[in-house]
Amino acid sequence: MDAIHTFLEVKDLKTRFHTPEGTVYAVNGVSFTLKEGETLAVVGESGCGKSVTMMSILRLISIPPGEIVSGEVTYRDRNLLKLSESEMEHVRGKEVAMIFQDPMTSLNPVLTVGRQLTETLRTHTNMDEEQSRQRAVTLLEWVGIPDAGKRLTDYPHQFSGGMRQRVMIAMALACTPSLLIADEPTTALDVTIQAQIIELVKKLKQDVGMAMIWITHDLGVVAGIADRVIVMYAGFIVEEAEVDDLYDSPLHPYTTALLQALPRADRRRDKNLKSIQGVPPNLLAEPRGCPFAPRCEFVKERCVNENPLLIETENRHKVACWVNVKTGALR
Amino acid sequence: MTRYIIRRLLQAIPLLLIVSLILFVLMQNATDPLATMGGRTPTKPEDRQRLTRQLGLDKPVYVQYFYWLVGNDWTKVDLDGDGTAETPGTRHGVLRGDFGTSIVQTGRPVTTVIFERLPNTLILMLTSEFVIVLGALFVGIYSALRQYSLFDNILTAILFIGYSMPIFFVALSSMYIFSINFQRWGLPHLPTVGMFDPKVGKTTGQILVHMILPVFSIAFISFAAYSRYIRSTMLEVLGQDYIRTARSKGLPKREVTYIHALKNASLPIVTIVGLDLPLLLGGAVVTERIFAWPGMGRLFIDGIDRGDTPVVMGIFMLIAVAVVIFQIITDIVYAWLDPRIRFD
Amino acid sequence: MTTQVNTPITVAEVEAPPLSLGNLTWRRFRRHKMAIFGAVVLILLTFYSFGGALFFTEKYSNYTNTKERLQSPNAKHPFGTDTVGRDILARTIYGGQISILIGITAAFVEVMIGILIGAIAGYFGGNIDAVLMRFTEAMLNIPQLLLLIVMSKFFSGNVPNINILGRELSGSVIVIILIIGVTSWPYLARIVRAEFLSIKEREFILAARATGTSSWEIIFKHILPNSIAPIVVSATLGVAGAISLEAYVSFLGMGVRAPTATWGNMLENAYRYIETAYWLWLFPGLLIVLITLSINFLGDGLRDALDPRSRTV
């Protein structure tokens, strides 16, 4: 499975927003790699920079007020950040597709579903109107929309939330991309629908054989989907590990706290769920020490003054923390 | 949809009645039609009394309004002004399409008087609106796409100045520069007032040349307001999730802008245009005065000055009905553009 | 003018540094350079109109001297003289006082009526709302300028001069203030109604109601203070609107009567002299442009500062 060349490599990505209230340091030097066909989960609280990171990769950040300050995004030997806007248009939707959190607002309300599906095909392929229409019907059937042929002329508001997300997925997969970025695609849906959508995406991923980045704030869904997990906090990656490693031996206090906040079937019921004390940090200033320090139960003096780098501790398990959580001592 | 239109029209009836009643009462007390009647002012008290009776102005306001509304052909009027009503009335009333006759242009039906002037106002207004909407779309979209750029900032400032200018100032300055001073400097210049040069006659070319300054003045003001509105509407739409989706699909920028964004942005724009258009009918008062343009605005001012209630009321009603009709048209266009709206 | 952050991260999500509302408003306002410019120009114009009164008496501004009529700007009359030989500089000073007075008081009348009608309609809803909104719609069905002209004519019969603070003013000033106020409120009423409709469903209002607070107390003590931002912005822009409306009506010869000068009525008939005497319209016209521009800038800055989510039109 290992490709010779890099499939996706993000190096030292920094994104900021210049707002009236000041500069928001949204992404502060994020680096990671992704192999072909691999599924990566990106976990963190809302506002931790996980969506901005992915949107920066596809250059969907509006500039201004956004600014990608530095970094490299190498996708199949091309630095996406250096491409021209029209070259980028050939990557988006065709090679790297994205689905979003809220299917209610992510579809254009005044265009038919058919039109929104076929325009992607017409943009990236040589299909004529009839071919793209037929392909659209196939796509809708594929994502499990009954009576697909008739529904092409319907507008988004005529679909339920779950069905709309299926339409979104069909749109994203229209050109069989090699990477799908899913930005909390189930957050806005009912729990039962969530499970259906997750199952659907897993099935489609197998069909297409694409790589996937799944953004979520819910560690619960990660286990069933991902190969590897990145935990983000305040625009930094604080931990990165194989999914089992992360669950079994989390190395960062933040990950530990997140896991403790998670209800688990293998834990005893009477054990109280823990919530993380404090509030997410203010991103209006560049942090000096470790951004998690104010909320961390292991905090040491060094944490307040110096921000730890992401270092590999054991087999492909990386963490950014001065403290060894198991011993409570400095590394 | 037919049911919707009928319902809206029915709803408009009480509205129009309230509007007409208020205006009628205001007009009756505002002006003295006898003072300037037909250019000859009756001085003798008995003449005044006779005329007052002949015109029915001796009746209480509510009776006069009632006659105006439903006519007086079912009762007798005092046509010779001797104090007793003996002649059957001839008016059919507004409800039956009779807007009465002008007092100033004695005996001419109000509808004739108004429709004589209406085309002149319409040609000015529709041309202006066309220029405004087209220009504002161009500028508004362009600057929304380049938010915070130098162009956007300069344009915002200029539009703000235009937005704050009273129309008479624009009209007077442009007339002063482009007709008077250009003439003085021996440059090709624009005509100052009127609709055509009497020496040349009412040709299309003449009307076009005479339209330039009035259209410029009207357009200048509204252009600023419209551009600002379109810019902010576009900015709002461009920040929506579905635009991000469209971009994430790799659609070319022009498709994102002109199909995904503009179709959504056109909804509020259609509303504004639909509500503004009929009000423009009356908005030309000042422009027509300055440029001596023989339109409805001047007819209105003359009617007010001389107490020609039937004509003034006719103009008011024309505008009020136009507003109602344009609201319905706007709703229909809106529903056509926005699939979420249905008429049931 | 509104800030657009096109991303899932919104400023609201980022915890803002602890700043008081007043502080925050001032910070946002200060960044708005054009609003600062507007405020400065407005202060200068106020100084011009009220400070200028120290150099000329009102009597001088109304003094007609037919021997000196239609003089172009010169050393004695820096802005020239009008058709009856009055000094235009002195008249712009005293006219400015009246124009500013009209702007502020008419906007005040507008705001009072607008709040009252909007609040009642929005708070009580139902039939009261339906009737009031029909009436508001009826007002919007007629171009405001035409309505102003008719009303001005209606009240213009014989308004006596009045005496305010030892100054003899044409009674038509009061008429104009009232009719501008009475015809301007519909837009504000709609804004206030919309605010009331949304605020009255919030928890703290429901709580106040549950504890038996009276309707008037809820309206004036609980809801109104929470909808003050759009009202302040509309009131500010209303001042500019009133000043230019007065100018329009007076320009048509149906506004404030002589001897009282306003920037608007100085323009009356000026267009007849456009070929010979540009100074008749240029100076009062420029002053009107300056004051409406500066107030609009100010209002826009206030909108950004107080009510950052609202859309600029």
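Going by the order they are written in, the chains are A, B and C; count residues from 1 in each one.
Just so we're on the same page, a contact is a pair of C-beta atoms (placed from the backbone, for glycine too) under 8 Å apart; a residue touches a chain by one contact, two chains touch by 3 or more.
Values in this document were obtained by computation on a predicted structure and should not be read as measured data.
Engineer: Any idea which two chains share the most contacting C-beta pairs?
Structural biologist: B-C
Engineer: Averaging each chain's C-alpha atoms to get its centre, pick out the one most distant from subunit A.
Structural biologist: B
Engineer: Using Cα averages as centroids, what's the distance between subunit A and subunit B in whole Å?
Structural biologist: Spacing between the chain centres: roughly 55 Å.
Engineer: Centre to centre, by mean C-alpha position, how many angstrom separate subunit A and subunit C?
Structural biologist: 51
Engineer: Could you give the separation in Å between the centres of subunit B and subunit C, each centre being the mean of its C-alpha atoms?
Structural biologist: The computed centroid separation for subunit B versus subunit C comes out at 23 Å.
Engineer: Spell out, as numbers or ranges, the residues of subunit B touching 2 or more other chains.
Structural biologist: 147, 238-239, 244
Engineer: Of all residues in subunit C, which are in touch with two or more distinct other chains?
Structural biologist: Only 4-6 qualify.
Engineer: Touching two or more other chains, which residues of subunit A qualify?
Structural biologist: 55, 62, 65
Engineer: Under the definition above, what is the set of subunit A residues touching subunit B in their complex?
Structural biologist: So the residues of subunit A touching subunit B come out as 55, 58, 60, 62, 64-65, 85-86, 88-94, 97-98, 100, 102, 105-112, 119-120, 123-124, 155, 157, 168, 171-172.
Engineer: Given the complex with subunit C, which residues does subunit B contribute to the contact?
Structural biologist: 14-15, 18-19, 22-23, 26-27, 29-31, 147, 156-157, 160-161, 163-169, 171-173, 175-176, 180, 192, 225, 228-229, 232-233, 235-236, 238-239, 244, 279, 281-283, 285-286, 289-290, 300-301, 304, 312, 315-316, 319-320, 323-324
Engineer: Provide the residue numbers of subunit C that touch subunit B in the complex, in ascending order.
Structural biologist: Against subunit B, the touching part of subunit C is residues 1-2, 4-6, 34, 134-135, 137-138, 140-143, 145-147, 149-151, 153-154, 156, 240, 244, 247-248, 251-252, 254, 267, 270-271, 274-275, 278, 281, 285-286, 288-289, 292-293, 296-297, 300, 311-313.
Engineer: Under the touch definition given earlier, write down the residues of subunit B that touch subunit A in their complex.
Structural biologist: 147-148, 238-242, 244-253, 255, 259-260, 263-264, 267, 337-340
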